[in-house]
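Common to both upcoming complexes is chain A, partnered first by chain B, then by chain C.
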Partner chain A sequence: MQYLVQLLISGLAIGAIYGLIAMGFAVIYKSTGLVNFAQGEMTMITAYIAWTISTTVSGNVFVVAAGAILAAVLLGLIIERLVMRPMLGEPVFATVMVTIGLAVILRSAINFIWDAYPHGLDIGIGRGIVHLGSIGVRTGQIAVIVTLLLLLTAIWAFFRYSKVGVAMRAVAADDRTALLMGISATRVHALAWAASSVIAGIGGVFFALSYDLSPAMFQLGLKAFPATILGGLDAVLGSGLGGLLIGITENLAGGYLGSGMKEVAGFAMIIVVLMVRPFGIFGERDIERV
Partner chain B sequence: MRTGDYKQSYGELVALIDSPPVWLWSAVLLLALIAAPFVLNSYALSFLMIILITMTGALGLNILTGYTGLISLGHVGFLVTGAYAYAVLVSKYHMPPLVGFLGAGVVPALASLIVGAPSLRLKGLYLAITTLAFSFIINTVILEMRWLTNGARGIQVQRPEIFGISFDSDAAFTYLCLAIATLTLLATLNIRRSRVGRAFVAIRDNDTAARVMGINLHAYKLFAFVTSAFITGIAGALYGIYLSFVSVEGFPFLLSIEALAILIVGGLGSALGAVLGTILIVLLPEATRLVFSLFSAQMDATFTTGAQELKSMLYGLVIILFLRFQPRGLVGAWHDIRRTWVHWPLRY
Partner chain C sequence: MIKHLAAASLLLTTACLAIGPAAAADPGFTDTEILIGDVEPLTGPPALLGVAASIGHKIAIAEANAAGGINGRKIKYVLEDDGYVTARTIQGVKKVIDVDKVFAMLGISGSGQSIAVMPVLEKSGIPTVIDVAPVKFLWEPARKNVFVVGQSYEEGIVHLVNFLADKNPGRKWGLITQDDDYGITVRDGFDTVVKAKKLNVVYSGNYKKGQQDFSSDMLQLKDAGAEVFLAGGIIGENIAMMKELEKLGIKPVTGIFWPGRIEPVLKLMGPAGDGIYAVDYVEPFAGAAGKAFLEKAKPLVSEAEFKGINRYTMTGYAAAKVLIAAIERCGKQPTWACTISELEKTKNVETGVMAPISFGPGVRFSNQKLQIMQADTATLSFKPVD
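The block that comes next holds the complex of A and B.
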């Protein structure tokens, strides 16, 4: 029983990280209609920058957090302006392939700039252990779950009530009509890339807090894929919850079926889900006309 | 001077090669390739082998992604399945190499039915992600089936001997690669100009419209998957033999990206494009290294230490630049040049 609870809690914690990155995917998909294959790499860059700040400038929590968020915003804006905006109006296939190219470039750039050894992000928090009854939980694990829930609520409110959120939904639904209504699609896209980069970056920093930074971290992006697919590419909230579900499934499969199964449990799950609901659990079916 | 395409029958429209000069140049190219092993040193020969093997794989992916428009991010899964099928049959059960090659085609083809079946309901990005998932699952399956595949330890593969001819030397193995690559090229060109190929292209252009015209979507999509996986599997077997060692690490996920990069750089949906793209992508790192070493010895040193990173950075950059500035790929550029050449000084 204790083993099960332990698996569930660590599943929730890693699932919350997947959820954050999956929300990053969904925010971009929701406003631009693209899957950003470079999400994992963007997450990784933010985490590495946070680590660099903590080792060179100051280990203060707030300095590191502010620096990481600023870096993530800049990263999102730069990528949108330099790489994605010239592709505006091109077919989806071409644009998605551009993000794959971007992913490859960013990944090698990271290996080029930083070294290939694992690093722990140590800013004095996150590795302490809190005892709930007989079960020990890391503070970082609690923090990431709380952050995910807070962000989920904030983003739900943002898309539901704020003017900008409604504009983003409008651009996603029909960019031409949105343009005619006076919404600047390019600005909405820029905002989406920045927001997505920050949300996923927070996930990356939490990952670095609880586990370690390493060149294999881009796989977080691949792991978060199933979460987005599960929730539906266009469902931001669904993606967040999908992350939790994938995290739990993965940990249960790893705990009871062996470590090989842990790696692929998420992928096996999305194949099954897609067979039943090809547009995700919370996604909307789009009707196609010839 | 050639003033236009005067086609008077359907036979002429679908002919494999429609003008005598193309016959001539194809024959010259083939003869040059046959002569190549006698002329080239072993370093250049290894590039020729890699180009021929990669070309086979790229042509396989071209059937699925280029002709039928089904994006696959998991083609390395078929590659590794083919390599393992060959290695297990030949090295472990001592079957003749021909049986091994047959298995290297059939086993991925069967695997593709498993991936293809759920994919019938999926389109575009969702399909791409399912194939991605497949390639990760297949790696785990291979690592877990230790009794058959030796798990992470991998399998040694010898160069084959077929009909008493030993393909042990590099030159002989190049001929084997050349034969298989040529056969694959002919097969894909013939598929493209047949009823099946036209159905593939119709599905790519608009699957709802294709269905209305009476094309059985499920059958043709599955057929595209099976053919593509068969060819890719054989390329995988060749690559395994080339490496002389088959393991999961030998077939990284980057190969899937490389294959897509080849198709995009060459021009999507064209066999010629796959060939040109392969040549460019395979020779790109080497060409860059040469350019770097021309500038200074110090830059050359940087290239040697960070070779792997720079190589993949180049892939990424080339993909992005081609998509941005020449979305029709090398084939599109070639068509433009040819048109300008023929019609000059007129615009068209």
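The block that comes next holds the complex of A and C.
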């Protein structure tokens, strides 16, 4: 039983990180209809900036958090303004290719700006081990699970009750009608990129706290993307929960079926789920009137 | 008159044919300069080894240039990035040979990349000293123009597992390896000793390249009761494994392989990494030879490059020293044939960073002596133990 509980806790912790990054994918898709293949790289850049702040400015957790969030907002806005906005109205394929190109550039930037060595993000908290009964858990792992749950609630409330959230849903549903109603689609897009960058960046910072920073960190995006597909590409909350599901499935498969199955299990689950619900567990079915 | 002209023409033609090979001689040098090429991963995670190896080459070249160069010619280093992508390695090697027209090659990238580029190197005939990823295919069969400085991965693992087995008789073993050619090599070496010493292996895992979370793998290791553990990851993987074991509250006797034996890893592992064993054929930086190398390197490279020094810098340095010495012995007009012949004559060349290097007739592998080291977290260093 203890073995199972340990697998579940570890699965939830890594799944929460996948979930945060997956929510980043979903926020952009929901608002712009675009899959951002540079999501993993944006996550990595934010984590590296957090590390730079912690080693050069201050190791205080609040300074690092505020600096990282601000940096993530700027990163999202800059990418939207300089790279994505000129692509408005262009074919989706071309726009997606631009995000792939952006991913390669951001990945290479790590070596140019920082280096290829692994680094530890040390802000005084998150690395300690607490024991829940006889099970050891890092405080950073508990924090990321709690953070995901808080963000899920906050985002649900944001889309449900705030003016901006409703505007984003309106643009996602029908951008032309939203425009006629006085909603600026470009502003909504900018906001979506900034929000996506922050949410995924939080996942990246937690990953760096619990594990380490390295130029291989962009691969988190490859693990989080299936979580988005599983939860529903247009379902922000569903993507977060999809991350948890992927994390738990991976760990249970790794723990009971062997190490080799760990990386396969999440994708196997997606295949099965998509056969039954092609739009993901929480995604909305597209209905077109003919 | 016509007879004289005919005779003169004949003489001129004969002279041209006689000096032809020298005039069309091997490319890569002028009166003042000689070019040495290299292709390494300078971007992406494997840049950790590619950048470090290239720094080693630069140190040896700077040292030689400070002493006047090779017989008066300054060495120019032509370095290409392959991003650890095999197709780019082949493209890069072709570029430095055909476009930059270098005289000799150092490097080259990872094991898979070196293997893939071998036909290009063989066809060109350019003198090459490989130092980054020594795998048997590179010297078995021996290629005329390709020399390898180092020790084979298989021998390294056999040496490490033998040491750990002798030190921990009757213990339960665990092993985890990566699902690629590197992992297969580690597993093959491990299996050799398991059969010979009849080791009791209670856990054997195989992770997918790129895996970052090892919680279920290490939980299985703990559940199996492993007391001695061979961590077959490279860098980030080993760090994640050790931290996971720390979280689980167990500390098996652990061995790691030289690709992961870099000092910053110890800082990231923290107390979990204290006492882990490693095998290598280059000197640890904590020893006298390592300290002397760092002292030598400091004035020869930039501050940023100095920070990028790791064990691969030593392998790169040693290979470059051997190559430079061989070219130097060829005198004022070096040729590829002479350089290859002189490389073959390399006998007990001291580099200060590993045991003396030797090749021989038909011997293209330097077969370096191995040593076991142990991590000391307090000083963030590896210290020799045998």
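Simple rule for what comes next: the second predicted complex is superposed on the first by the 287 of 290 C-alpha atoms of A that agree within 3 Å, B and C clash if a C-alpha of one lies under 4 Å from a C-alpha of the other, contacts with A are read in each partner's own complex, and residues count from 1 in each chain.
Keep in mind that, in the parts below, contacts are C-beta pairs under 8 Å (C-beta built on N, C-alpha and C of every residue); 3 or more make two chains touch, one makes a residue touch a chain.
Model, not experiment: these values are computed from the prediction.
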{"item": "Partner chain(s) touched by A:220 [first = chain B, second = chain C, both, neither]", "value": "second"}
{"item": "Which superposed partner A:162 touches (first chain B, second chain C, both, neither)", "value": "neither"}
{"item": "Touching partner for A:58 - first (chain B), second (chain C), both, neither", "value": "neither"}
{"item": "First (chain B), second (chain C), both or neither touched by A:96", "value": "first"}
{"item": "Partner chain(s) touched by A:263 [first = chain B, second = chain C, both, neither]", "value": "both"}
{"item": "Contacts of A:136 with chain B and chain C, given as first, second, both or neither", "value": "second"}
{"item": "Which of chain B and chain C A:153 touches, first, second, both or neither", "value": "neither"}
{"item": "Partner chain in contact with A:108 - chain B first, chain C second, else both or neither", "value": "both"}
{"item": "Shared chain A surface residues [contacts with chain B and with chain C]", "value": "107-108, 111-112, 222, 258, 260, 263-264"}
{"item": "In the complex, chain B residues that touch chain A", "value": "71, 118, 121-126, 128-130, 132-134, 136-137, 140, 143-144, 206, 208-209, 212, 254, 257, 260-261, 264, 306, 308-310, 312-313, 315-320, 323-324, 327"}
{"item": "Residues of chain A touching chain C in the complex", "value": "3, 6-7, 10-11, 13-14, 107-108, 111-112, 115-120, 129, 136-138, 207, 211-212, 214-217, 219-220, 222, 250-255, 258-260, 262-264"}
{"item": "List of chain C residues in touch with chain A within their complex", "value": "42-48, 51, 176, 179, 205-208, 210-213, 215-217, 219-220, 223, 235-236, 239-240, 243, 246-249, 262, 264-265, 267-268, 307-308"}
{"item": "Touching residues on chain A, where the partner in the complex is chain B", "value": "35, 83, 86-87, 90, 92-98, 100-105, 107-109, 111-112, 222, 225-226, 229, 233, 258, 260-261, 263-264, 267-268, 270-271, 274-275, 278-279, 288, 290"}
